[in-house]
Amino acid sequence: MSFPLLTACLLAPLLAALIIIFLPKDESKLHKIVAVIGTFVSLAISLYVFFAYDKSIGGIQFVERINWIKDLGVTYYMGVDGLSLPMLLLTNLIGFTAVFASWNIPNRTKEFFILLLVLIAGVMGTFITQDLFIFLLFYEVVVIPIYIMVIIWGSSKRVTKEYAGMKLTIYLLIGSAFLLAAVIATFVKATQITGTPDMSFQALAQVNFPEQFQIWMFLLMLIGFGSLLSMFPFHSWSPDGYAGAPTAVSMIHAGVLKKIGGYGLIRFAVYVMPAGAAYWSPLIAVLGVAGCAYAAMGALAQKDLKYIVGYSSVSHMGYVLLGVAALSVVGVNGAVANMFAHGVMAALFFSMIGFIYERTHTRNVSDLGGLARQMPKLAVGFMMAAMASLGLPGLVSFIPEFTIFVGSFERFGLLAVVAIAGIIITALYVLRAGANTLFGTPREKYNHLKDLKGVEMVPLVVLGAVLVIGGLMPSLLFDMVDSGVAPIMSHINEYLPTAVQIGGKY
Amino acid sequence: MLTTISPMHFVVLSAALFAIGLFGAITKKNAITVLICIELMLSAVNINLVAFNMFVTPEAFIGQIFAIFVITVAAAEIGVGLAIMLTIYRNKLSVDLDDFDWMKW
Amino acid sequence: MVEFAMNHTWLVPLLPALSFLIIIFFTRPWPRLSSTVSIAFMLSSFAVATLAAYGVFTDAQFKHEPLVYAIRWFGMEGLNIDVGVLLGPSSAMMIFMVTLVASLIQIYSTGYMKGDPGYSVFFSYLSLFAASMLGLIISSNLLQLFVFWELVGLCSYLLIGFYTHKNSAREAAKKAFITTRIGDFGMLLGMLAIQIIFGTLNLYELGQIMPNFEDYTTAGMMTLIAVLLFIGPIGKSGQFPLHVWLPDAMEGPTPVSALIHAATMVVAGVYLVGRTMFLFVEVESAMYLIAVVGAFTAFFAATIAVTQREIKRILAYSTVSQLGYMMLALGVGSLTASFFHLWTHAFFKALMFLGAGSVLHALHHKADVWDMGGLIKKMPITGWTFVIGGLAIAGIPPFAGFWSKDEILLATFNEGHYLLFTLGAVTAFLTAFYIWRMIFLTFFGEEKPDNHPHESPLSMTIPLIVLAVMATVGGLIGTPMNPHWQEWIFFGESHHIVPNIPIMLVSIALAAAGIGLAYVLYIKDRNKANVKDLAIRFKPVYTLLYNKYYMDEMYLWFNHKVVDGSARMTHLFDIYVVDGIVNGLGAVTKGTGGILRYTQNGKIQSYALVFFLAVLVITILLAFNDTTSMALVLGGVSK
Amino acid sequence: MPFDISLLTVEIILAALGLAILVMGLIIPSNTKRGLGPITVIGLIAALASAIATWNVQGSLFEGMFLVDQYATFFKITCLSAAVLVTFGCMKYVDQMKAQGEYYSILVFSVLGMSVMASAGDFITLFIGLELMTIAFIILVALNKRSAKSAEAGIKYVILASISSAALLYGLSLVYGMSGTIMIYDVARMVVGGSVSPLFVFGLVLLVAGLGFKISTVPFHMWSPDVYEGAPTPVTAFLAVGSKAASFAILLRLFMGGFIGVAETWVLLVAILAAMSMVIGNLLAIPQTNIKRMLAYSSIAQAGYILVGLVAATEAGVKGVMFYSFLYVFATMGAFVVVTAVYDKVKSDEIADYAGLAQRAPLLAVVLTISMLSMAGIPPLAGFAGKLYLFKAIIADYFWLALLGLIMSMISVYYYLRVCLVMYRDEPIDNTPIKTSGNVTVVLVVAMIATIILGIYPGPLSEVTNTAASTFFLH
């Protein structure tokens, strides 16, 4: 067996966390450096894996597989394919930058970085494992660090951070209860059918579940993954949660953690329960569209920058759901790519808002204005995130959105139009937020504020570069995603009511 | 009309005794009385055991032996119970069960 | 050399893009260096563009078959998008025009923007804009075109809001972006429909298969696609009713207005319709719609322009009006006339904007034409070039505007759209009137004592002169006597339109009448009472026009009341209903716990009572209830 | 069958240990009594070691009244581990009660009772073991003579435990009367197939009630919050784990060994009790302000989860119960040892007094967090694997129960997190770090690591429980 790259990638942040545990409490500089090294190692490995992955062969690569729990058929099965790689890369991009975005946290750095590193490792784990059980282990490992980080380093605005943290945690956990029930039932049923327990996604996908069973299980999984994905109407944790959370948590939560919902939906729910997916896809589409439009309208009414981005992320996840609901290669490719795109942009957005908040101690749009004069670099980052958020071509989020639209327009027609109309509202609130914060008459009281400098530039540079590169070369992302999604979607057509013709009539 | 005594009679008797004991245990305020009522309940059990032994397994003394164990253990239990009453009485000068509701909700 | 340029036409947008990057990342702290870099790259781009255009226009094979080359951008099963270059006569003409105007305006800006703190950034934006615009022009794929379409929108946004400290600039920029976004929405839908029905967005391929559309789709679907696609140009090219952003866009620095909001970006819509003409010609109703929208916009904007007081605003409405002409031409099926007007308009309108910029520069941004007067004495170059522009737009032969406008009117007339023709003709009159009203008020008449105008530096006047030359002779390549233009740029079959002398005369007469009226009202009888209270006598009309038919107010009302109102409703719904249910469930859970805890009353005997009551209840349930019926509900034992 | 006394090794060690400590407690002077703790630990470890060593030994004594199989041995190991941890982790607390001799010897006797219960093959052995354990616990609960709460808990426990014993006994007597045997596995042979008389069913109900009292399932749970709150914390811990595990051992032995033939009469009942326990336990835990009381309610909910294994009435269910009971030891011990350690310094069990614990004693805070989350069943902690095995056994037939259990366990996170909130967010009133002694640290680290390892890598334990569960049905 070759060097276990993925495990190394997973362990690097954990190891860093372990080192920090034994560092003295006051050495905050040291904590940060160790955290940077830990996340950088992961980032480097995931970049390597991303580019070393052989797309022409496809399938699961970099496999590490060890027997784990015999009677559950669990194996320690690490491996990546085109679906998980973008997510892995995203996690580490955001993880790495999140460390820099939290450079200025005022107190208790030791605990903060330990929790942050555990959080990053936990998120990463969900994406690189190919075993359902291991997936579940990581699925919720992140919830508690997040809670603790919110209550210690969060901020209370419209709602208190305690409320926000608790809501976020309990909401997601209860959502996951439905998922767990479905997982257990699926596993039991699969064992019953095949006779040998096996928890790997691939093995479960081979099982022919009865259609009725699939339908009910898929619904439960949809509730579980959907609430993590902040699917309408299970979204209300998300804006409050992000508003309460410290910057790094908002970045990771909106950037990648949420995506576990979408990833799980595709990797597990759709893959294993194709008939269920086909049955419920109209519902997913409706909820997705409702989410797009509804959350966009919600964002329009917000005054707090974090709320705006919080609602906007709900809205964007609506697009993801819509893409998944299309149940075609195009739609799902778009959904996965959009998760990546949204991750990058949300992380950039939150990091910039974090810097603004750090400096001005307010996130109210009406209290801000003209910051572009005082902090031009920050303004650039903010505008890039804003533009990506409204789907500006040339940035990473446009092509995924377009792809989703193609996929969903094909299947749902008019319904998709409503979602597409969301781009207008998105432009409206994003530009309002951006313009009213950055432009207009500069305010005297912010004249002394310092622009981004030194390590604070890292989130802007790294995430900004990804935004642009991904926008100019979508094939980097799409070829990868496609190689992962195509096998998953290969057998879904037989379950769709009428075979959907993809890509025109010739 | 005279009928032979069936197991049912013993069951009814023991049930009645059990119920009486239970009633006392639930209603009496004095802890000592309650302990005595519990003894009544255990006696009901003993009646059952002995009676069943006669009707169900007359060839073995299972029920009787069981009953002896019950009597022994009950004695131990009551002994411990009384010991606790004593310490409590020393602290609180009361063995009224209604006085012991400090911990609740 | 020429061959190289043609095969590497992508250099045309790439060079300004490079200059953007260089300025942003390296030369930003040194303004002079930045502008030099920018202009150098722009000029080399111009050179490449000229060579490429030369190559196209010297090889007759390109009359019908454009040069296309592309590479894969991304793709998957069912969606393959390539990016590339589509070089034909129209795009060759466009890249030549855009690089030329852009170069001139960049040179002009070195003077105009001198001393501005954002000097370098300004040039970087201009470069980015040029890159995007040129990319748009040579796009071989609709999606690629859309990407650049949005990027020019972004540049427009950034440049309108260039004076970030001004609230008005901020609002104007926002308005521009969002208004055009509405258009983009339609365009996106149209593109999606095309992709799904035809399976490709490659313009060339579409051009091949669209005429046989009945193999793929119905006429109704086709109409829908055409109409949806047309919404994009309505937004981008400032057609009614999405024109409202364009006049506000004048908040940007004047060179921006000249480059983006007069000569290049706003014609992207026209260009798009021209590019996808193969689609529109299939749908008669869509064509008619375009024509009507164009004619109406032309007239509508001209009426507003009559009453405006700010120099740039008048020009802005004039741009809207002229764009309407171009659309009208497209709508009546004359790509030739439309692009011809696009070409001439670019020069004379850029000229006038730059001239206006020169005036504003001299008067320290005093914008009201009524505060000016007699400027021609102090600013001869600006003044006389402006007059040339005025003659061109008014349609006085032999200036460029005359030929193209005449071509449009003629095409309209020939197609039998007499009503539209009349509208166009009236607009021609109004155009001459309001432009000359502005010229008379600004450059002629009495000088105002508080103004201390001075001629602008050479960097600004040279572009004016070059543009003036183009505005003079630019139309000569397409006169009825010399119909080169018509031979090259056309859709379908090239057909030489026989000159219609009466229409030409009408058009000249109308222009002259407009100028004459303006002269009478604003020079000759300026101080006569009946002229002075003209506005008072026609108060309602004047107010309506001056307030632009209250379109802005309507949009504002819609935005604030309807959109924001429903946003607030959504917000409240979210907080009190969606979230309310969540919180309610939480509260119920907590409350139940809070109430149930009192069952635990601390009394030993009540505990015992509960214990035996439970036993009793269970016994009764088991005794009287068949468990199997419960098992049906709660699942389970069927072992 | 020859009388093989080696089958009784564990019990003999325990009995000898208990007596020895009792005697030592009487004869040695009070200032050296603190040495009794280590002696107890060593003795218990010896018993544990012998239990592990005799893992493969199978057999029965007294014509099936005393069964030694891996099922029994597993529960003995569970209870002994709990006893070792609680003794080792809470010595200081016991020293402060000044009743080391009684405490340790009676604790050992209670373990003996549990071990007898685990091996019980008939009603009499069952009863003896149960009462030995109960009486020992009554004494332990009331042991802290200076605490009014302890006394109140004692009187509550003695009366209610006696009443429940009476009910249990009455039930046993009825079952005996209706089936004619007191051997558990013989009962199964008697009742298989045939319909049963109402009195037998009534007996079953009383058995459920009596044992439900011990495992504190709703609605027989009323005693447990008060007693848990009042009892000395180590006792509470052991009560929550040992007593519960042993009672589950015998509950399973009775119902799945003895009454499996009439499963349809009681399975649904047990399912409803399980559901009620989950719901009420968790709901009532929410408003609590005393951590011991909160943990008491939480243990009621835990009983509900474990009962799910009985609902399954299959080997998989047995395995789930065993697995869960074992991991529950570490989670509960972790939590309660933290509570003792904090009490030692703060002299309070109120949650509010845990403010800033994360800064005063990070280890305590972390262990408490992990233990509580394991109880809630959050992956990747042991509780999750346990719940997985439990719910796996019933999900096909009782999907609603599994879903309810999962949802309620997520709701339970709410009150666990409230403790975390106080520990992590709040600044401590008193900034001095809480030093934990070496043995406490060891216990905490063991509990924490076991909780994590059993969650991430439950394979080995799962194998062990599988084999143990398979011996359950061999009789």
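Residue numbering begins at 1 within each chain, and the chains themselves are lettered A, B, C and D in the order written.
Criterion: a contact is a pair of C-beta atoms (placed from the backbone, for glycine too) under 8 Å apart; a residue touches a chain by one contact, two chains touch by 3 or more.
Keep in mind it's a predicted model, so treat the numbers as computed, not measured.
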Graph distance between chain A and chain B, where chains that touch are linked: 2
Maximum centroid distance from chain A, chain identifier (CA atoms): B
Between chain B and chain C, centroid-to-centroid distance (C-alpha), Å: 95
Euclidean distance of C-alpha centroids - chain C vs chain D, Å: 75
Centre distance in Å when chain A and chain D are each reduced to the mean of their C-alpha atoms: 41
Chain B and chain D: spacing of chain centres that average the CA atoms, whole Å: 26
Overlap residues in chain A, where contacts from two or more other chains coincide: 170
For chain B, residues that touch 2 or more chains besides their own: 22, 25, 34, 97, 100, 102-105
Residues of chain D whose C-beta touches two or more other chains: 155-156, 159, 163, 167, 225-226, 287, 399, 411
Chain pairs that touch, as defined at the top of this document: A-C, A-D, B-C, B-D, C-D
Residue numbers on chain D that touch chain B, as the complex places them: 123-124, 127-128, 131, 134-135, 138-139, 142, 145, 148-149, 151-156, 158-159, 161-163, 165-167, 169-170, 172-174, 176-177, 180-182, 199, 225-226, 229-230, 287, 293
Residues of chain D defined as touching chain C within the complex: 155-156, 159-160, 163-164, 167, 198, 201-202, 205-206, 208-209, 213, 219-220, 222-223, 225-226, 263-265, 267-269, 271-272, 280, 282-288, 311, 313, 397-401, 411
Chain A-facing residues of chain D, complex: 358-359, 362, 369, 373, 378-380, 384, 388, 391-392, 395-396, 399, 402-403, 406-407, 409-411, 413-414, 417, 420-421, 424-425, 455-459, 462-463, 466
Chain C - residues contacting chain B, complex: 597-598, 600-605, 608-609, 612
Chain C residues within the chain A interface of the complex: 72-80, 143, 146-151, 154, 161, 164-167, 169-171, 173-174, 177-178, 181-182, 184-185, 188-189, 192-193, 195-200, 216, 563-564, 566-568, 570-571, 574, 578-579, 582, 586
